[in-house]
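One chain, subunit A, appears in both complexes that follow, with subunit B as partner in the first and subunit C in the second.
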Partner chain A sequence: MHQTKAFNYSVPYYAWLLLFVIAPVILLLFESFMDVHGNFTLNNYQTYFSSGTYIRMTFNSVFFAFMVTVITLAISYPMALIMSRLKHAQFWLMLVILPTWVNLLLKAYAFIGLFAKQGTLNEFLTFVGIGPQQIMFTDGAFMAVAAYVQIPFMIMPIFNSLVEIDQSLVNAARDLGASSAQTLRKVIIPLSMNGVRTGVQAVFIPTLSLFMITRLIGGNRVITLGTAIEEHFLVTQNWGMGSTIGIILIIAMAITMYLTRDRKQGGK
Partner chain B sequence: MTQPIIEFEHVAMQYGDNVVLKSIDLEIESGKFYTLLGSSGSGKTTILRLMAGFLTPTAGNIYFEGKNINNVPPEKRRINTVFQNYALFPNMNVFENVAFGMTLKGKSKREMTEKVSEMLALVKLSGYEDREISELSGGQQQRVAIARALANEPEILVLDEPLSALDYKLRKTMQYELRNIQQRLGITFVFVTHDQEEALAMSDWIFVMDDGEILQNGTPVDIYDAPINHFVAEFIGESNIIPGVMREDYLVAFAGKEFENVDGGMRPNEPVEVVLRPEDLDLVDVSEGKLVVTIDDESFRGDYYEITAHDDDQNHWQVQATNSAEVGQRYGLYFDPEDIHIMRLNESEEDFDARLEQYEEEEAPDASD
Partner chain C sequence: MKKLINLTLGISLAVALLLGFSWGMNRLENHQVKSDNAPNQKETLTIYNWGDYIDPAILKSFQKETGYRVNYETFDSNEAMYTKIKQGGTHYDVAIPSEYMVEKMRQDNLLMPLDHDKLSGLQHYNPAFLNEPFDPNNKYSVPYFWGTLGIVYNDKYVKPGSITSWNDLWQAQYRKQIMLIDSARDIMGMTLASSGQSVNTKNEAELAAAQGKLSSLMPNVKAIVADEIKTYMAQDEAALAVDYSGDAAEMMQQNKHLHYVVPEDGGNLWFDNMVIPKTVQNKKAAYAFINYMSRPEVAAQNAEYVGYATPNQDAMKLLPKSITQDKAWYPDQAVLDRLETYQNLGPDWTQRYNDYFLEFKMTNQ
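Showing the complex of A and B:
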């Protein structure tokens, strides 16, 4: 009796999973074995692995996603650490979360205003005597904006894991002779690794497939897998090739999840 | 007199308007087992945190071997703590936890292995080096926490209600073992508890605290036999507290009669409180009793009967007897003059100690420091 009831309630979830997760992935897999005319083929994969362009593009994606993740982590960890010790921690967390409510496109346009030839940043550089620089459409600009967009998703899990650390563990470390730096290295950082792992997953994977920012800020000089998929589906209409890259992306995500998985509790 | 290892001088602690400790003065001597005894909110844990260095007093001075340590951080104090919830590092195994302090000091691997196995042997956990903390029971975690603190070779070990989470039997065993460890190593222990039985069983010296003040300090026997006031008498063990009048030295009137006793130094006819411990009272024949009581109730407690009774003045009495008594029957109540303890109302600890010293020549030579 109870079992059937529980099953009835879970029907919507299974339906959702089937329709919006499993079915699309199967379709994607199916499509990746189709050529432009709808015939079965392995050519898409062959093209992907034999042409240097796609491999380079994949490497580029991974490299940029890696850089963005590292930058985000370098900024977010100290920020989360400081915030977790502030009196009104929840208020500061709110300020960090607020920008995520603003549409990504609006944020990108705002950065164009800042980074443009006659933008705010260049005005400042002229004012201090360095003179205007080419900021838009550079790798640096792309990474800066991508990192900015991703920071809240890194801060939140790290902040939560830091707040969860029992204060008496920190006291115990100090009590046993650890300086604040040693306490941070030996106790706080190891105990907040779960948050870091979640943050890395939340930033690295979406960054692999970012395409809006590559176009607006990176000026198509930075081509990631996301950009390539968009091109194939919307421009060249080669759905098969787009799907193949999609499958590659899913595999890349699975690898990331595996590498950042939560290893046996407390063990090494 | 030897120099105290820790000394508190008018130490006060307050958060905003909330006064946690009023002016505390205390001295801790090296090599003894001290207990801070009080109910929750009495300020006992605050004293512990001040000693360990997690708090800085808002007024007064704390000295360690004569040097002011008000602003010395915890890692620079030769004092280690056993925390109430053990605070073992969950990301490390037993060995790494116990060796934590030594790792920081950069001790050699061989030295650490030796010390860790020595400490684990001390707390009877030999061979547990590779266990994860999550695999240990509460009692075992407790032992690891003690081993970890002792591995740092502190001058003083402070323990914050370390036994409160353990079951009765384990608590008894740990009380015995802690006392044993303290005596073997000769380290000063400062133990915090709300359990008076625990305090009496383990300590060389007890500080009874209430509401941010030390009410009384002394050996367990002193405090039990001669509580300073109503609060201490009630808090330490069971007691019968009866209003009385001190007629003259060694003569007290209560329950409508006059009795010979051993206290003195009060004004003639001063109103006082009389304390009689339930285990000092005997039920005898009506003709042999100093008072006559009627039995109200009796409950069996295993090793004794707990009997409640009332006398003809409607004072209630608690008696611990080895033999059963019949409810509703009249019995005589017998006690010796030494069993009567007199408490003056609102007497300060200094006056109390001075008076005791004067009138109890034959016992308690160390009632005051």
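Showing the complex of A and C:
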């Protein structure tokens, strides 16, 4: 009885997996071996690995995704730590999550208003005497906006893992004479590594293929693999090449997941 | 748990209310059209057009006069429209693709040939805009609007009259001052035109040379953007932009310092055209619409609303002189003669153009 029930409930889940995960990936793999005329070919992969353009693009994507992850982590960890100790922690967490309810495009457009030549930020810089700067279409602007967009996805898992830490462990560390810096380094950080790993995955992987922000804020001066995929599917209609890049991104994601996996320690 | 159920019920109720409301509104609208008591009151006409590309008042008066109920849908790229029509399952009676897409759809048998006996307005059109290479004898299409690719400049930063050729963009004084539209065909095309070559070239050496020349423009390029280019230019973000005449018209309405120039060394002349796709359900209504849009007074009203140039020469006579004598929108014949329409290059060459453009985007400054 119990068995059949479990089976029934899992049907939608497997159907979902089959329809929206496995089937698309197989289609993508299939398409990646097709040229523009629909013939079987290995050329797409050959083009990818022999062309300087795509290799540099891959390097760009990984570099920017890495930078954005580092920036978000540097901001999110202290923030999550402080939030987890505040009285109304759930309320503060809510404030962090709130911006994710707003559409990504709207947020990007808001940043145009802030960063533009006559935007708020430049008005402020002029006011304090520095004078207007070129902010839009720079690598810095792109990383700032990408980090802003991704921060909630970093804070949430870190916050959750920090809240789950048994407070008595922290108290014990202090009782046994550890300074607060030592407690942080030896107790809190190791115990919250799970959250950090999840956060890094949740930020690094989507950032690899961000494309709207590269155009809106980066003015296409920042080119990532996402830009190339968009172009291949929408403009040149070369689905084969677009799929090839997609497959390479999936492999990159798998590698990221593997590197940041939860390593089980022996004997425990 | 109870809270959750209440919430779900609340949302469902709100959705049901809204659905009912929109159904009621629809019925009301239908009723209004029907009450005109036209002969074909149940027939609908489905139009597939670019966003914000028709005066809504024209649709209303068309419904009133003919009794057809208009179902109006919009797209934002030729490719998106092509995919939707090709996949079928849609019921578009009239679509408005650009010229190279007319050629492609024609080759893929997605268009119905037009019966010229049923077209009543062709004589109003300027013969210079008929019988174009993408559709000889207008067998499949009737021009809707036309325009050019050109340079928009801001007179706060650029001396009026100093921009006459595409090559002016390469001047060192415009460092980091230029915005380009994110379109491989247009940017490669303007570079080819700047060297006096055809925008439809299938010559590998010419293309490679164009890519080299384009890369040397990179120090002057501030950004390569799509529709946002209008907002940026209106906000004085850059001094110059390479963009279509229609976009230029929109920017200039918002910023009086902007001006549009069609470079004298040639470039692209584009057309958007009314066609009857294979998905047609109501041919009679489709012809009625095309004929209605061909009427000089309707075409003039539409041109004034949309701000693009009309191919309808009788409509031009009805437009204010300030519009029709503006060289930016209606260039001299000498300039027009040097402009080319895009031809469908086929997948391989389209790919070459895009590869070169992608390479250009990757150029380090």
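In this section, the second predicted complex is superposed on the first by the 259 of 268 C-alpha atoms of A that agree within 3 Å, B and C clash if a C-alpha of one lies under 4 Å from a C-alpha of the other, contacts with A are read in each partner's own complex, and residues count from 1 in each chain.
In the analysis below, contacts are C-beta pairs under 8 Å (C-beta built on N, C-alpha and C of every residue); 3 or more make two chains touch, one makes a residue touch a chain.
Everything numeric here is computed off the predicted structure, so don't read it as measured data.
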**Study point:** Superposition on subunit A - do subunit B and subunit C clash or fit
**Key:** fit
Review point. Does subunit C touch more residues of subunit A than subunit B does, or is it the other way round?
Key: C
Exercise for review: Identify the partner contact of A:Val235: answer first if only subunit B is touched, second if only subunit C is, both if each is, neither if none is.
Suggested key: second
Exercise for review: Go through the superposed model and pick first if A:Arg221 touches only subunit B, second if only subunit C, both, or neither.
Suggested key: second
Practice item. Pick one for A:Asp262: touches subunit B only (first), subunit C only (second), both, or neither. Key: neither
Check your understanding: Touching A:Gln118 in the superposition: subunit B (first), subunit C (second), both, neither?
Key -> second
Practice item. Check the residue A:Val36 against both partner chains and state whether it touches subunit B (first), subunit C (second), both, or neither. Key: second
Revision key, fill the gap. For the superposed three-chain arrangement, angle subunit B-subunit A-subunit C (C-alpha centres, nearest 10 degrees) equals 150
Exercise for review: Using the touch definition from the top, say if A:Gln134 reaches subunit B (first), subunit C (second), both or neither.
Suggested key: second
Review point. After superposition on the shared chain, which partner residues are touched by A:Met57: those of subunit B (first), subunit C (second), both, or neither?
Key: second
Review point. On the overlay, how many Å separate the closest CA atoms of subunit B and subunit C?
Key: 33
Check your understanding: Which residues form the common part of the subunit A surface touched by subunit B and by subunit C?
Key -> none
Practice item. Would you mind writing out the residues of subunit A in touch with subunit C in their complex? Key: 36-37, 53, 56-57, 112, 116-118, 134, 136-137, 215-216, 219-221, 223, 227-228, 231, 234-238
**Study point:** Complex contacts: residues of subunit C adjacent to subunit A
**Key:** 77, 79-80, 176, 179, 182-184, 222-226, 228, 231-232, 235-237, 347-348, 350-351, 354-355, 358-359, 361-362, 365
Study note, to complete from the structure: Listed in rising order, subunit B residues that touch subunit A in their complex are 52-54, 73-75, 79-81, 83-85, 87-93, 100-101, 103-105, 132-134, 148-149, 152
Check your understanding: Where on subunit A is subunit B touching in the complex?
Key -> 166, 168-169, 171-179, 182, 186-187, 190-191, 265-267
